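Heads up, the next two complexes both have subunit A, just with different partners, subunit B and then subunit C.
This part shows the complex of A and B:
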């Protein structure tokens, strides 16, 4: 590799590995990417494990331990460009359900040996700890969007990520509305696009795995969803893969004040 | 003379495994005195967060335990909840589930064989470095992996965390033309998988015999992927899935964020070696013949040979997928109706890394009161550590770099999935 070849690190925090697997799932492009950059740190894939500085750091997972909170700050100092990928890294992930729970109660009742644990009371996105240059949504991220972000970086231009909600992607795709036609609860109107409206195309409602769209009127959607399903179902729908993201996080309060 | 007093081999961050772990081997003179597989991947508390969720949610939620084997989680959880609700998914819907699961086996096994494990045998630090010298072979592995992913996309909607699985079956039946168009790819994959078996059988595979019991699902006329009965090498008795919890016991140890399991108080192993040794008579004939040609006997207890067994299973999964696609006739509905009711249910399936057990308790509205998930890697952790001890002792005369590499290879033999193993630190719920 020449001195000008970008040094790339892929780094994981609390997560399922699925977003970095999405990079390995780029079977047609993987060897091409590996030829265009110098992958100097990607534990899951193997290869060298070198320290920074890095030109590009791709980060998966949320921050749930004091050790990881320190680790992401060190990584930020070492990385010229930092891209966080996936619902854990951009919204805290499903493990952020702990944020609304009584963690002391968990600790005293649930663990055999809570003294062995080293964990924080919250699961927070990377952007709660350091400045993030690009956020890529999804649980998991979309392969095409991931390739786009990497390509844009290599071309030296900002990525163009459409911020339309899933509902708009669904209309573009020409899928019959599952909410209007079948009464299937769907978060499409309030969920950030990027998946291409996958779930409605499979006859199911969107469950919000790309997190809240840029502008969200969750209250209006909650009112509509209640025509078809119980308040508990509506609450759970908002509080799954992006439970603590602004736009979804407030829905619990809406639920409680309404008899 | 080389000074070996107080040697410590430390790998702070294991590479080519799923999730975050470290290894420490302590040697005093010529004797290994300590081995730890330290799993420091942070816990994510899935069993705790499942409480209070709806009966239809565990397939989507538990998939997020592992991006490498989400289908395993979707299937084990669906089977458990269907048992509570008195629902049986059979016929072509069960065949579609098996096809989806074959896609996951193909994807996961191809990833492990080609990108994670083969580099150990051929002296590379990873698949990308290996591709510089063996581009055609790595491309064959990537294309095999892609065929697995394509099956998951067609049946499940996407390769990581499929969206089309529900309790009772699927949301939508797959596109029939697209499925049939997979036949040429699957035919190619069968040939490529057969070549894979020959390729890995030619590796220089260290001699080693693991001393543990083997545990897997029993096949019901076919190589086991989903099932309700468990077989072991220790006893001729067949154990119903409902009794899993009275045989498998997990304990929480200080150095790991995963739990250590034993079966009837003995160390045991799940995964390809166990499945093969207990069910090889159920492999498709082509896979059985390939196993025999590769020198595998009726039982395989050498973890270093797991790459050969994984290749045989890759061939079996490609062969099965081709058969299932050819025989597929769309059923009348995409799912069996499910009405929730109160009760306890158990589900198990064979994740690529081994038996994955789920247990749920629902109330009459279908709300989850309690959940237990026992993934393969936490079941294997005790076996991995025991094995690591033996491998380190046998190689104690090697220099530190060579012995460390051998020990890391010994861990990768098990294809450990640390993300899975760590999901459940809260498993030890203290009940009155």
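This part shows the complex of A and C:
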């Protein structure tokens, strides 16, 4: 590798590794650009584990421990450009369900010896701890968006990430609306695009894995979804991968006011 | 050719059992066909090879925020209202590559999009959607700078309209003067007759242009009689009488302009999701976004154009922020463009009354009700000002 080849690190925090798998799934494309980058740290791929500094750090996962909170600050100091990928890294992930609950109680239900756990009371996105240059949403991230960000980085351009809601992508794709035509609950109207409206194309409602759109009118959608399913089902729909993202997290409160 | 034989060619009757004759004629004239077909629980527009691909015996129920495909109790081929899918995407694609840049022997080369689909027939297009093609023609074809992507798809198009016999509750073509009959622009106008009686189920075909005549001349059909014409008139009259939604266009553009500060815009914004679905399904909406899509592997860079919506925050993004940050300002932009400022720009309404924006709005917002409330006049409290009053 020449001295000018960018040093890339792929680093994981609290997460399921699914987004890194999306990166591995870009194998063909990555082989094509293998000469263009030098992956110096990528545990998931069984790659090397080299210390910084890095030109580009791709970060998966949320911050759930004091140790990780320190680790992300160190990584930030070592990385020229930091890209956080996935619902965990950008919204706290499904593990952020704890943010509205008592984490001690959760731990005592799940673990035989909760006293061994050292965990924070919250699961928070990378951007709550350090400055993030680019955020890629989704559970997991979209392969096309990931490649776009890497391509843009190599070309020295800012990435162009659409901010359309999922409905706009759904209509561009030519999918028949599952909410209007089938009565299937769908979070597409309030969810940030990026996936190309994947789920409705397979006859499923969007479950909001890309988190809140630019403009979220959750109250109006909640009222609509309750025509087809129970209030509890609607609340649970909002509380999966981006449960604690502003715009979605308030839906808990809506149920309490108007069960 | 005598005028007598011309008239014979121009108005003929085709038994429903012989409908494939029409498709065979279209194919013989070199037109691949796009038309209505059932897919994913809705009627959409897709490739049609024979009458088997048509939604025979299917109808629809449409209401604010609701669409359902339903079985009819007859074998009508065209017994439904505005399809879920729009013809728009076949003339003005949701995603098009405008040009591609690549490096050839060290020098950048720009390849324009020369994509040209050639002859195509749109079979089954309704009066409202035909009018929408004319609206888009005005914007994309007849302006100072014709859009090359649209022009290429619009050229060599054969339009086979079908009169609407079963309007939906969302339709208001009668208010907009676009339906339920087949208006101007069609090469062939069809009316489906007596679908409930297999022995009499037939189509009245009227060739209106030379291209249409060339197709109709190939069909084995008998000359239409006065009785056929009367039956066709009755279909359109009955359909018109079933249309319940209305828009009063008299003075509407001015009333909407005067109502810029009306509190109703804030009221509708409470209900609106800013999801953009209304603009995406609208057959006249033409807004787009342009971006570059680099492909490092292939060494190319595509300049791409995609459908965009005025409900998106980014749509009015200028230096420093969005011009229309509030959902009320964005709803107002959409409704007043369709029914008011479109007249100033293009000399027509931007709405053809197809009702899609009403049916496909996830929360069932009915634009005819919203503009009626605003036009009804002055409940001037605090307004939306320039869209700068609130959540910027």
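As a working rule, the second predicted complex is superposed on the first by the 252 of 259 C-alpha atoms of A that agree within 3 Å, B and C clash if a C-alpha of one lies under 4 Å from a C-alpha of the other, contacts with A are read in each partner's own complex, and residues count from 1 in each chain.
Please note the rule applied: a contact is a pair of C-beta atoms (placed from the backbone, for glycine too) under 8 Å apart; a residue touches a chain by one contact, two chains touch by 3 or more.
Note that this is a predicted model, so its numbers are computed, not measured.
On the superposed subunit A, the positions of subunit B and subunit C stay apart, so the two partners fit side by side. Contacts of A:203 after superposition on the shared chain: both subunit B and subunit C are touched. Of the two partner chains placed by superposition, only subunit C is touched by A:177; subunit B is not. Put simply, the three-chain overlay gives an angle of 110° at subunit A, taking C-alpha centres for subunit B and subunit C and rounding to the nearest 10.
When the two complexes are overlaid on their common chain A, residue A:215 makes contact with subunit C while staying clear of subunit B.
Within the superposed three-chain model, A:131 lies out of touch with both subunit B and subunit C [touch as defined at top]. By the touch criterion stated above, A:119 is placed in contact with subunit B alone, subunit C being left untouched. Partner contacting the larger number of subunit A residues, of subunit B and subunit C: B.
Of all C-alpha pairs linking subunit B and subunit C after the chain A fit, the shortest spans 9 Å. Overlap of the subunit B and subunit C interfaces on subunit A comprises residues 203.
Per the touch definition, subunit C reaches subunit A in the complex via residues 39-42, 44, 65-69, 84-85, 89, 94-95, 270-277, 280-281, 289, 291-297, 306-309, 311-314, 327, 359-364. Taken together, the subunit B residues at the contact with subunit A in this complex read 13-20, 41-45, 48-49, 53-54, 57, 60-61, 64-68, 70, 107, 111, 115-116, 119, 124-129, 131, 135, 138-139, 142-143, 145-146, 149, 157-161, 163-164, 166, 171-172, 251-254, 257, 334, 367, 419, 425-426, 428-430. Note for the complex: subunit A touches subunit C at residues 29, 32-33, 36, 148, 150-152, 154-155, 157, 160, 162-165, 167-168, 171-177, 179-182, 186, 188-190, 203, 213-215, 217, 220-221, 223-224. Within the complex, the subunit A residues that touch subunit B are 12-22, 24-25, 27-28, 30-31, 34, 39, 43-49, 64-65, 68, 93-95, 97-98, 101, 106, 109-113, 116-119, 123, 139-140, 198-199, 201-204, 207, 209, 232-233, 236, 240-241.
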